[in-house]
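When the chains are written out, they are named A, B, C, D, E and F in that same order, and each has its own residue count from 1.
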Amino acid sequence: MSLSTLTKPADAPSTVDASVPYYQSVGNECEMFEQAFAQRLPLLLKGPTGCGKTRFISHMAAKLGKPLHTVSCHDDLTAADLTGRYLLKGGETQWVDGPLTRAVREGGICYLDEVVEARKDVTVVLHPLTDDRRVLPLERTGELLEAPDDFMLVVSYNPGYQHILKSLKPSTRQRFVAMSFDFPPPAVERDIVAKESGLPAERCAALVNLAASLRGMKGQDLEEGISTRLLIYCATLIQAGMPILDAARATIVEPLSDDADVQEGLMEAVRATFG
Amino acid sequence: MSLSTLTKPADAPSTVDASVPYYQSVGNECEMFEQAFAQRLPLLLKGPTGCGKTRFISHMAAKLGKPLHTVSCHDDLTAADLTGRYLLKGGETQWVDGPLTRAVREGGICYLDEVVEARKDVTVVLHPLTDDRRVLPLERTGELLEAPDDFMLVVSYNPGYQHILKSLKPSTRQRFVAMSFDFPPPAVERDIVAKESGLPAERCAALVNLAASLRGMKGQDLEEGISTRLLIYCATLIQAGMPILDAARATIVEPLSDDADVQEGLMEAVRATFG
Amino acid sequence: MSLSTLTKPADAPSTVDASVPYYQSVGNECEMFEQAFAQRLPLLLKGPTGCGKTRFISHMAAKLGKPLHTVSCHDDLTAADLTGRYLLKGGETQWVDGPLTRAVREGGICYLDEVVEARKDVTVVLHPLTDDRRVLPLERTGELLEAPDDFMLVVSYNPGYQHILKSLKPSTRQRFVAMSFDFPPPAVERDIVAKESGLPAERCAALVNLAASLRGMKGQDLEEGISTRLLIYCATLIQAGMPILDAARATIVEPLSDDADVQEGLMEAVRATFG
Amino acid sequence: MSLSTLTKPADAPSTVDASVPYYQSVGNECEMFEQAFAQRLPLLLKGPTGCGKTRFISHMAAKLGKPLHTVSCHDDLTAADLTGRYLLKGGETQWVDGPLTRAVREGGICYLDEVVEARKDVTVVLHPLTDDRRVLPLERTGELLEAPDDFMLVVSYNPGYQHILKSLKPSTRQRFVAMSFDFPPPAVERDIVAKESGLPAERCAALVNLAASLRGMKGQDLEEGISTRLLIYCATLIQAGMPILDAARATIVEPLSDDADVQEGLMEAVRATFG
Amino acid sequence: MSLSTLTKPADAPSTVDASVPYYQSVGNECEMFEQAFAQRLPLLLKGPTGCGKTRFISHMAAKLGKPLHTVSCHDDLTAADLTGRYLLKGGETQWVDGPLTRAVREGGICYLDEVVEARKDVTVVLHPLTDDRRVLPLERTGELLEAPDDFMLVVSYNPGYQHILKSLKPSTRQRFVAMSFDFPPPAVERDIVAKESGLPAERCAALVNLAASLRGMKGQDLEEGISTRLLIYCATLIQAGMPILDAARATIVEPLSDDADVQEGLMEAVRATFG
Amino acid sequence: MSLSTLTKPADAPSTVDASVPYYQSVGNECEMFEQAFAQRLPLLLKGPTGCGKTRFISHMAAKLGKPLHTVSCHDDLTAADLTGRYLLKGGETQWVDGPLTRAVREGGICYLDEVVEARKDVTVVLHPLTDDRRVLPLERTGELLEAPDDFMLVVSYNPGYQHILKSLKPSTRQRFVAMSFDFPPPAVERDIVAKESGLPAERCAALVNLAASLRGMKGQDLEEGISTRLLIYCATLIQAGMPILDAARATIVEPLSDDADVQEGLMEAVRATFG
């Protein structure tokens, strides 16, 4: 069972558990996560779109047997969206915890995806949770919650999007242990695509090669390299019987660009791979 | 019976059903839609104003026998407009589902037209619905809705309008299977205009030829090519007995431009066609 | 009896009815309006300040025997101002229809004056009313109103004011049959001024000649040509016994400009006409 | 008895009434006002700070025996501030008329001072009151108030402050009969200062001469010419026994400028007059 | 007893009263204040940070035996913050007077510090209080309060901060009798510092000399001259036994600048004075 | 026991108390703080991220035996967040004190971290607390709280972040005794890192040397020097058994920069230190 904002682990975590989402490690990222968890240090993940950060965290949460609370951040996300607010019920205002507060009360991992998108007052909530105090003050209720030992804060952002108005201030960045993520190496990515789509691994290899060459175009014609997710979409449609070029146009060319010239360049790369 | 925000299909869908809106396929778009629906993948449609995207989706929803929930996005559309909010009723706050939530609860196709216009927090609602989790978290009610197999998310935008402040981020784009739409080929468009207006097809052919030449002016004097809808308006007024030049001025020249020189150029094209 | 936001026609409309506001046709605009009404097509009127658009619509509404709902649009006008909102009454929230909703429920003509001034979410409300669905979805109440056959939407704007931030998007413009308005020809305008002010037509002719020459100054020293309304004001004050130059200064020179040089030029034109 | 927002006239107005505020006419402005009132036309007053516009309107309202409702407009003034709003009283919302609505219900003169400062939705409220409909629609209550014959709308602004973002649109300006105001001629201003301050007229003459020369500096070193009000302040302090140069510094030099050089220039002019 | 927003005078004011805050007059400012109060004219004080404006007003209020209502203005201060608003109490809305309203009801001096910082609608509230009407209209309650004879409005601002977006419009400035303040002359300032800190006057003289030379740096390296308040802080710490250079760094150098070069220049001046 | 927003001291403060957080003094900062507290003067701390300002204040609060109220300021922090607001409880509005109000009522130290980030109305609340009045007016409740002798206000900001829109106005700055903070000297920092991480001091010395050289890069490639906190993170992971280079990458290189070239330069410095 896999829930987004609250991923409840099996009661007794085990090393190989069917409920642990598949994740293929490519370095020491699992050890680093476990050490940060053990030392009660907050963690910052950096990396491009669709390279597997979310999957990695789901995997680690399940492996550690801890619930996972995920929040996708955006321009209008405020501290109150994380901590909670009063709602009017039966003529009486009643406090309703936000996802961060629930995570601090109950323990587990709270993951703020694309944290640089959130509004600035979010920083204030995170600071006392990310130094040696490890507390969450709730001004509105007058509570001061102490985070349990098994609470861990994880945030992520995509360095490729950073700009002046939207970046983490050093006073915030310097509160996290940090790791960079990138797309998995070819053999790993091939196995991931095969596992998720059902398409035989040998047919997925060409897709992964294509992805590698397209990722080299980033910064020139493409804003961002192709994600592993789109490769899985493509393999899924091929496996369902769709002609390869049709599937590639719909899952690779069209999602990556609106520009006719760029699209033609992409289709040439597709034809060179599968032609 | 055709409703906008909720188009209920006939109880038993059939291949040729009077309740299926007329749509003339011009490629493999129907197969692509059906595959995306079958594989539970979200779909992105790109294309200019009035080229038939909305009609296509109505057609597919009816063909698949699924209800259609349509939302036109705009600058002030927020996540709460899609998911729902609490309203005060009888002194008690009561949750009222938004159109996206209704679509996830009941199944069917939810269509967000011109999605790039919506505010940024909409993205957050769409992300967990467009990866393998397929869930809709409702923070306010504490619910986590799992989308049924027959739920499908479709979004659209017009690449011609894209600008820096209003575009889909790659982290969102790369979650969709995508297709480009354009105006239908002449013979198809002629039949569409004839069917909708009642004007004989042979008289509609000249209108379609005129449209093709006007569409070549896009980017020079015209911001956008003429839509099939305006051709239908023109044919409708001609069929109702209005002089051709009067009808063309009111449905082609005036809607396309306010500039006197451009209007004169358009009228010359009209007179060259019908003179 | 003439009401602005809701102009109720006489029970039995007749061709020459005392309750039909006076309007002097200058082209095929009456036929075009009637055809658009008959074909259930929405209408867009373009034209400068005070050229008679509002009067024309009042005339047509009365002639067709339909109630008229007028809304003057502005920077802060939102969709809820058109569709309605909940108000707290007796401790209970109660829905109150806006003018557009009333027009759709009861039929008649809904006229949005200077529609480009309204906020962007207004567009969303208009779209499903301006294609073949002709429906008004009320998200807040869960209703989907189908417009009756005698509902007609009319919008207007002044092309002279258009600028980048305030213009109708092609995706909206191309949903309307459109007409351009201008000031009436001299003989017609003379009769209008005479009829409204009580000043004999032969004395009004000079005022109309003056207006024509002043309108030639638009874009140079004057932002906008003089309206027929100001001519009527001037004639009214003259008819009431005020010296011509005093009346012209107060109703023509001062309303048109604050610039001393431009005012002097205008007074010279006045003196040349009446001196 | 003199009240600002509501100046109630004596029961029986008479030509020379002690309750009529003193106003010294300098042209045909009184006749113009009376004609506009008689013809039920709205009036626009233009002129610099402190030249007597407010006093003029108080005078005319008292002379015509009509109540005067004054509203000073500002950046945040909205239509609801003029028309009214619902307030919660005893658990029930209750409508409370704004000053414009009261003026329309009860008759009298409604004066909007510095109308260009108000927010744009105010324009919408004024339009139906300033054409031949003379109605005030109250969307929130569903009422449509017809203005009585003795209702008159007067607005004012200072042309010297106009800039791009803050100006009356032609579509609004061209709805008013308009008059320009300026400071009164020397002999008139001398009498006004003497009457208001108690200082003998012969001693006021030098102050008025000084004012005339300072007003010639406008646009160079001074943003605005000195108002008659400041002359009255100065004369009042002199009459109370303050040394002339001290009084002039506090009521003329300091209020007009913060710039040391400009202040020195002003003091030189003061000393040249009184030295 | 000294209260900020409401300074209640002793029941029977006397010329030398222990409750009158110490203020050393440097010109005719006390006479000017008394005359403005006697003539019921509003007063505008101009001057740099910390030069004694607030103290002067406290002194005059106590001397005149009038309560003092002080409001520090800021970017978000609105008219309602001054006049009052409805609050919900026991299910019923109840009007709560703001500080300006209280001052008008009860008499006394209302002091708006840094008035240019307030939002624009504040101006509207001040205008009818600053001409011969001397009234405060409360639109929300329908009241029109007439100011008693012993009501006086005083406002202040710092001309050194003025910029385009934040300045008093001439139409507001020209409603006030105005005075400029500056730092007190050396002998006076020395006595003030000695009296407030307890440090002997002869030791304070060097501090005052230092201040004079630092004030000469304003506009070059320093945004603003050093205030008398900081001199008092410095003398207080010296009197408490702190080394002079340490005290000067903490109360003069660090508060005046963050720039290392400027700080070094300031320390040199300190050492030159005390070395 | 360590609480963030309210750090309650032990009942009887003593010079060496286990509840006093460790702080290694590097100058006269402790004496300065005690003097400011004794003289009832407000204090301003300036300094870079993570140099120990927060720790210093916790230390001093505990040493003085006073509770500590901490507020992290941000873009959306308003005066009401500090002073309190009315909340609806049981159909009745009820006042709830903010942290500043609680500090003034109960005494103790109120610390506003990064005060320049707060909204401008916060300044208004601070002004009457930072002059000789030492009062907190609560407009909403009508209270005027006098600060007890043991109330102290401390604010901080990072001069490295200052820019035009976000800085303390001189009229606010000149109300505080001020001190600059910087990173501790090497021997002190080494002992701090050792004490916090458990890693032997001799192994921490290399980390501190590395930090010194990296801090020299500030303003060139790095926005901000590395904080002592990150050194502690690094030492903690090393002490937990992680390879030095892995620990340094995760706690020094990745948190300081996203730029590949800068990261490589940082890794070289790491390898030069530990290689």
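One rule holds in what follows: a residue touches a chain if its C-beta (ideal position, glycine included) is under 8 Å from a C-beta of that chain, and two chains touch if they have at least 3 such contacts.
Going by UniProt, the chains are A, B, C, D, E, F = Nitric oxide reductase NorQ protein.
These numbers come from a predicted model, not from an experiment.
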Starting from the defined contact criterion, work out which chains touch chain B and chain E both, please. none
Interface sides of chain E and chain F: same vs different residues, half threshold: different
If chain centres are mean C-alpha positions, then the most distant from chain C is chain F
Given a C-alpha superposition of chain B onto chain C, how large is the rotation in degrees, taken in steps of 5? 60
With centres defined by CA atoms only, which chain is the most remote from chain D? A
Rounded to a whole Å, what is the gap between the Cα centroids of chain C and chain F? 62
Using Cα averages as centroids, what's the distance between chain A and chain C in whole Å? 54
Report the inter-centroid distance (CA atoms only) between chain A and chain F in whole Å. 31
Mark out which residues of chain E touch at least two other chains, giving numbers and ranges. 88, 91
Have a look at which chains touch which and call the overall pattern line, ring, star, complete or other. ring
Can you name the residues of chain C that touch chain D in the complex? 2-6, 49-50, 54, 70, 72-77, 81, 87-91, 96, 98-99, 114, 117, 158, 161, 196, 223-224, 226-227, 229-230, 233, 236-237, 240, 242, 246, 250-251, 254-256, 258
Please output the residues of chain C touching chain B within their complex, sorted ascending. 28, 31-32, 35, 38-39, 41, 44, 46, 78, 86, 88, 91-93, 119-121, 123-124, 127-128, 131-133, 135, 137, 139-140, 142, 144, 159, 162, 169-171, 173-180
